[in-house]
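So, here come the structures, one by one.
You will see two complexes here that share chain A, one where it goes with chain B and one where it goes with chain C.
And then the complex of A and B:
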């Protein structure tokens, strides 16, 4: 996984459910198939639910990094145009 | 001619406070009604009722203000649209269900298919008192399984599959029971904490879990004059046939032991949960 190049980053720590997922979804829509999005999200409800919602949209989750500051960064590869 | 209210009630006609008027309860399974049925129900409510229907607390529909002398015409009209009367009184009532796995992303079992099966098997079966089944698709419990005499809750039993795991830790966060740990790239599941909600496998990016769909069954729930939460005897039932044997056993236990007008919970309290548990364990093991 060393060769992951982040195409774009979105911070969803400033919004609450269901806007968390909507904001991530909109960011993904801006990208092309195969691009990588980093999504920074809060611990708790966002990290419990947003990864699953992104999976259900058909995108590929590559990893989840614990930032150690109460936030996590989800690395997602966009699937589809 | 004397009116046989018992028979009317059995056929879903609930006597209203207004003389010679009845609220007709309809047979609904798992909360689903087709558009054709709805259109017929609307037509009957207009023609024979006062133009409104009532949605009951247990997913049925009632058409109020049906007149005694028009009951047969109402039944015939409804039958035309594939609508049957429901039941009241001491028998198996409406089988309720959430939308389940066929529609809902959280669903772990096909609740509607199960509701139809239970409806075919038990609906209107005569018993010492009312008996309610409720089916909910997952731990979110939108259908409130434990408030029923027999509640069924869908679940998923998971086993981690190391070969497909990318150690992302999404499952650790998705789990609300804190049952999952990730250490040195290996996942462990604490089976004492796992509640079979299935959130881990549903969230997993690589589907690195072997899964078994199953059921958590509770007995003796009530939510009327008395309130009690149904209790499970077996933590997780892994297959459909075992579930059916357990349902058969529970309802037979109620039929054999309940006093007239006694709800399942009070039969269990009076006869003894230990005796009931024995019967259930027998049904569980004798496949």
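And then the complex of A and C:
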């Protein structure tokens, strides 16, 4: 895979479900088709649910990195306008 | 205009919906809805629209809060008795949601003032309790090309329909003119079950929200009736012959607003 250029980053480690997904969704809505969003989230419930919800909205999950500090960074490509 | 963190949290259950999202929520925040009548129908509609974050809500009613209103007009409290209904409604809406700008009209809607009042709004809710007001609102909305929700409630029954210019019949297409004075009892004479305003007024708020976010099918071209005792909802398809209606038809004969005479005990705001 070619290098990924992150368009925008959102941190959802300070909120709980469902605002976690909602904040990621709002950030995605601000982007254009093909843009890349990095989402930093806590282990546990967010990692289980947020990627799935984003996928259900039709966006493309590129990868999920373990930051080693109890958080993960999800890389998503926006699909659609 | 980006949503603030507080707005993202407040409207999270909206934003989560595919049909709404941040885009739809912003449409709501930019929308202007006028509610005519701060009574049984207007009370729940105003509460839900304020909670939904409709940015500007106009509310028109000439009456003051009366003890007998409180059985159904849930936007007013016992301590509000004697206060103009529009003031009491404004306080309730602002208490729910500081995002909302409330504009009050403490006056009766007449042929003289209605066009000026509705001109700034995207959608109008008819929450009045009398036929002269209902025909006036219909005719004014047709003339000013404004979408509106009609509703009426009495005893254990309610009905509503939505008019969108060019997309179906208006209220006058269906109900030609007001019935003779005193032929139909008012809610004051006949009574109305309190929750009926909650059901039908909430459906009016739902129509307004759907219109604003541009999702789903509206009650254009159909009348929804609700019979609470039999728990029956019926959706009746309405005919629309544009050649015939005296106000929205192709050859309108009603080109000026009419102030019909009201039965004596009627006021606005069922």
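Everything below uses one rule, namely that the second predicted complex is superposed on the first by the 80 of 81 C-alpha atoms of A that agree within 3 Å, B and C clash if a C-alpha of one lies under 4 Å from a C-alpha of the other, contacts with A are read in each partner's own complex, and residues count from 1 in each chain.
FYI, contacts are C-beta pairs under 8 Å (C-beta built on N, C-alpha and C of every residue); 3 or more make two chains touch, one makes a residue touch a chain.
Fair warning: this is a prediction, and the values are worked out from it, not measured in the lab.
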Review point. Does chain A have more residues touched by chain B or by chain C?
Key: B
Review point. Now for A:55: first (chain B), second (chain C), both, or neither, which partner does it touch?
Key: first
Check your understanding: Thinking of the overlay built on chain A, is A:63 touched by chain B (first), by chain C (second), by both, or by neither?
Key -> first
Check your understanding: With the two structures laid over each other on chain A, which partner does A:45 touch: chain B (first), chain C (second), both, or neither?
Key -> neither
**Study point:** Partner chain(s) touched by A:22 [first = chain B, second = chain C, both, neither]
**Key:** second
Check your understanding: Between chain B and chain C, which residues of chain A are contacted by each of them?
Key -> none
Revision key, fill the gap. Interface with chain A, chain C side, in the complex: residues 2-3, 5, 8-9, 12-13, 15-16, 18, 21-23
**Study point:** Complex interface listing, chain A residues touching chain B
**Key:** 43, 47-49, 51-52, 55-56, 60-64, 66, 72, 74
Point to revise | List of chain B residues in touch with chain A within their complex | key: 105, 166, 168-170, 173-174, 176, 199, 202-205
Exercise for review: Going by the contact rule at the top, pick out the chain A residues touching chain C in the complex.
Suggested key: 15, 18-19, 21-23, 25-26, 29-30, 57
